[in-house]
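Both of the next two complexes hold chain A, though its partner changes from chain B to chain C.
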Partner chain A sequence: MFKLVTFRRFTAVLGGVVAAVLVAVVVFFVIYAWPAIRLNGWHFFTSNTWNTGNLYANPIERNGRMILPGAHYGILFLIAGTLLSTLIAVVLAVPIGAMAAVFLAECVPAQLRTAVSFFVELLAAIPSVVFGLWGYVVVIPFLGHHVYPWMTAHLGFLPFFSGAPGSGYGLLTAGLVLALMIVPLITATVRDALVSQYRGLRDAALALGATRFETLWTVQLPATRRVLVGSGILATGRALGETMAVLMISGNALNYLPRNIYSPISTMASFIVSQLDSALQDPTGLAVRSLGEVALALLLIAVVVNGAARLLLYYQDRTTGTTT
Partner chain B sequence: MAAASASSFVSPRQRHRLRRRLTDGLGWTVSTVAFLLLGAATVSIFWAIAARGAHALDLAIFTQVTQGTAGGLLNAIEGTLLLAAGGLLLAIPPGVAAGIFLAEFGASRFAPVLRFMSDVLVGLPSIVVGYFVYIVAVVDLGWGFSALAGAIALAIISLPYITRTSEMAFRQVPADMRDAARALGATDSHVILRICLPIAASNVLTGVLLALAISVGETAPLLYTAGWSNYMWNGHLTHEPVGYLTYAIWAFITEPFQSAHALAYAAALLVSAFVLVISIASRMLMAASRRPGR
Partner chain C sequence: MFPSRSDRSHRLRRAPLAALLAAALAVPLLWAAPTVNILETGSSLLYPLFNIWLPAYHRVHPNVRITTQSTGSGTGISQSTTGLAQIGASDAYMSPALERKYPGMLNIPLAISMQMVNYNLPGLNRRHLHLSGPVLAGIYSGHIVQWNDAAIRRLNPGVQLPDHAIIPVHRTDGSGDTFIFTQYLSFSTPSWANSVAYGTTVSWPAVSGGLGAEGNPGMVTAVHDNPYSIAYIGTSYENAIRRNGLGIAALKNRAGKFVLPTARTAKAAASKMVPKTPKNERISLIFAPGADSYPIINYEYAIVNRRQPSAQTAAALRDFFNWAISPTGGNAPRFINRVHFVPLPPPVVRLSRAQIAQIQ
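Entry: the complex of A and B
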């Protein structure tokens, strides 16, 4: 079989497009953002001002590149908004998702499990923009008028819970909606891990006299640890890159670090949508390339986070033989 | 607890047992509440969309094109279907090929690399894909906002889902089938395309449906690739922006007009209903293919 075009090669080349796309996107953004990376340096991550400069003035030269006077690109507020909203989402979604998985795996009879699970898994099917719409018309008025004022009044003694409750747009709202968007991933993975678990573990613990919940808490859940961590990291990756819902409910703060959990924020992904139009107005092209640098940073975070989660889950597959 | 503290005749052993029983009850209650919380959120989202969308839905939505922030959504419905179909058309060949390669030639050194990169591609933020296609296709290639640019963005997003489900589908084909075919002298391509593909087809279709649902619901990768248009598609693949339903949700809900809100709710209802139907269909397909004696 010394044919040049074998079926195997054919599928490898055609299927290789999938890998090529990822490489192309990463390489493209490195090249595209390179002028901005050179000019912005480390200040890009540590300074808190995104200013495209005076669009009507003549460009001036700095470090051998033409830029608009007053132009300065720093995204500390984006990093803060992205990480904090993701942190809130993950801190809420992991325990709630895992406990909902416990309910589905242990309290629902096997024949009904698929149907009942659908209620949670449907959350994964709802488009981001529909979450945004729901957040905009239902969640924000409710939280802004009723919940947040109550929270400042009664939980104000906690750090970050005091201060102006705002209008409902902001960090906590974004975190809550993001939590709902990522929770089905955690619930589905942990439920499957619990259901497909080796039954001998459970039976041994029950035989020793442990109650069903003690068995679950001390034997069954710890056995899913790696799956829980893996799906938690995957969920983190999703929350970091979420765009539309966050764009519609976060308040789109500019050059502003959150003071409390009600503060308006922007995330890196939502900032790209909200600023691309105005960045295109910059005749030197530096604004749009700096925005490309935001995309590159987001891209690299996503690659690292998803890569780590996958390696962890592959390892789980190999050690236990279960598929996730 | 009340019983335990009220009576001093309760032995430490009984108290211990009571505490264990209470912890048990508390644990199950917490897990039930966690599930109910998520179920309530799902119901709230669908109720909010269904109630408002049903009010907004009338015949004009399906028969008229958008006029500013009023009129109908015919252009957007057509655009959504066009972009999703185009994206699938572009994504299915490489996605299924990658799935076949991973399942059938998994011993290859390239296979783990491809699987890993496909899985990482799932996590790529969709706006990054949109930005990439915008600069490359819309600006550098000069296509402008267009159906083709939008379809390419959706194809990139669909690829890893189709790859993964195709791999799983081909893996589920019993090895005996391949061995039998090979024993009769069939080649690789014959075994895979004529023997395995018909068996795997319904599971591959599940992945295609999943990709379709994602494509119909995507917004961020289309904003700067497909653009928006009030008119019906004129058949041009480039230099002609296309409207789509998710844009109407995002752009019209923040307009101050009642007519704009109605369009946004109607679009949200159409998109959600479509996604719901596809999710149920793909589940039924999956359940049917798992049934023994298929």
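Entry: the complex of A and C
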């Protein structure tokens, strides 16, 4: 009895630490970025100019704080780059990942299943910088010289697919490489869900005369809906926060919104890395605090996306009445 | 007489024993001269020079281990001020405000370098296009977007310029190359000075299709991979530029002449600026007067703290710097010429030695 109580307290402390760390990180960033938040105001989210100001001029005073002349921080182009590249990645990866999971769970011979699944899980374990390097060396020249010019010529009638095909660095490349990175996450999770599903469900559908496809489409996949959405959330989180791979292939656009799907972009996470050294040279410290505000905004976006997905699930459950 | 079999085997058995003994004696000898570890980080323009300096220096000073890293001048300045690196390499001197914030930092020139403006124009890379500060400012601010723009055609009569959009490439990391390039634009183009100005990072105007690249090697790759692009790249990458068959522009200097980056034009520019160099050696050499002067040359700085954590480190740093700037040491032609730099003129060597003596 005593032991059980000790164990319970022990786990409570550990669980509390995890939650406390999250709260502490948020609180720290709010306090640290506060001067930047007050100076930047709402313009931070609506304007397209990230300018540390003239580093070699003398700081001037504004609203009681020393800043560099010309300093102005706006990250609309970063928010757009982050959300658009993630959107492309998730839209591509969810169907591909789910179909791959079906293939692994239903179509691969049992003796091969372990081996193939192992490869998929291995793909999920590849460090993102490896994807970035591969994208840089292989994907960009191929897309930039062959695929994108072809796409502008043949798909130019679609909005955002026309205009300059660019050089291979940009939004679509970032989306494609991100999609490749998150497909194995989705596949591994959904496959596990399909395999561990109650077999009776499937057998019942087949016994009622449904074809294999109908069984899959109307019974098996809907039953894994929660897992599918859950893995989608996980994948979205990874795509939003991906740093190194995107840094290497996005073209690091500064201060403008993408004009078409081939345009160079920057994402919030990669921007923090690429600008930290420059920001450290701002003697007023405002540049680093503004990067802190970018981090805070990224955290906020992750929370909002996560919350929205959960709300979606909640309302779907209420309307369909399922309680899985 | 042949040694008997037992004799031979005896000697063979003894050989490893002797080696072991020798090793046992050598280990305390190595320990007796403690190794000083020095980290250099920063400028990717200075990196190729450090790369050929260090093996030569290490042969003569085996107890000093200097590690070099090519990051960017921004990293060089920030990591040397915070003490993470002992030597911060930078193409830019520290800003006046940073200087006040970290009064203990020295800015010591180690050599003079140049910057090229490079381009990738299929069929035209062997011609040295004529470009000027105002035209480059127009390209980087998005006012000049086509290669066959009237402003570029005027500078290059008789050259068939392609009807293609220009891809301007700039550095994304904090960079001394950005500093000297934007200084050239600022000093030659008032509208650039009043809008973007200069710095190791500037807020690049939004140019459709413009690219960002990391470090000088990233710039070379970006220009090579993107036909119709233009970039500013340190002269220590001239070999890479030639290997890749890219173009080198002749730039308009203050006297209105178009000059190529060569040792002669760099020396001409340096000779005008050396007498103006102050004691703390923080001065821009950009856009020097003189008909032969190449407009983008600069001192390559080591950013070093006056106060070192130990007398040993300070002594090692002083020794290394004195060797590096000496015309018979690191500034010898066999090092400097390989990276297309220019050795420090004697008056500057004297100023640098006075600064080096302050490292304690």
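Brief remarks follow.
Keep in mind that, in the parts below, the second predicted complex is superposed on the first by the 278 of 324 C-alpha atoms of A that agree within 3 Å, B and C clash if a C-alpha of one lies under 4 Å from a C-alpha of the other, contacts with A are read in each partner's own complex, and residues count from 1 in each chain.
Criterion: contacts are C-beta pairs under 8 Å (C-beta built on N, C-alpha and C of every residue); 3 or more make two chains touch, one makes a residue touch a chain.
Because the structure is a prediction, the values reported are computed rather than measured.
When both complexes are overlaid on chain A, the residue A:Asn306 reaches chain B alone and has no touch with chain C.
With both structures placed on the common chain, the touch criterion links A:Phe213 to chain B but leaves chain C unconnected. Of the two partner chains, neither chain B nor chain C is touched by A:Val227. Applying the stated contact rule after C-alpha superposition, one finds that A:Asn51 touches chain C and leaves chain B untouched.
Of the two partner chains placed around the shared chain by superposition, chain B is the only one that A:Val129 touches, whereas chain C remains out of contact. Of the two partner chains placed around the shared chain by superposition, chain B is the only one that A:Thr11 touches, whereas chain C remains out of contact.
Contacts of A:Leu22 after superposition: chain B is touched, whereas chain C is not reached.
Taking chain B and chain C in turn and counting the residues of chain A each one touches, the greater count comes from B.
Against chain A, in their complex, chain B makes its touches with residues 20-21, 23-24, 27-28, 30-35, 37-39, 41-46, 48-49, 52, 93-95, 97-102, 104-105, 108, 110, 113-114, 116-129, 131-132, 134-136, 156, 159-160, 163, 187-189, 192, 213, 216-220, 223-224, 246, 249-250, 253-254, 264-265, 268, 271-272, 275-276, 278-279, 283, 287. Partner chain C is touched in their complex by these residues of chain A: 48-52, 54-59, 68, 70, 72, 140-141, 144, 164, 166-169, 251-256, 259, 263-264, 274-275, 277-278, 280-281, 283-284.
The part of chain A that touches chain B in the complex is made up of residues 6-8, 10-12, 14-19, 21-25, 28-29, 32, 95-97, 99-100, 102-104, 106-107, 114, 118-123, 125-134, 136-138, 180, 183-184, 187, 211-214, 216-217, 234, 237-238, 240-244, 247-248, 269, 272-273, 276, 291-292, 295, 298-299, 302-303, 305-307, 309-311. Taken in their complex, chain C has these residues touching chain A: 71-72, 74-75, 77-78, 95-98, 100-101, 165, 167, 172-174, 197-206, 208-214, 225-226, 229.
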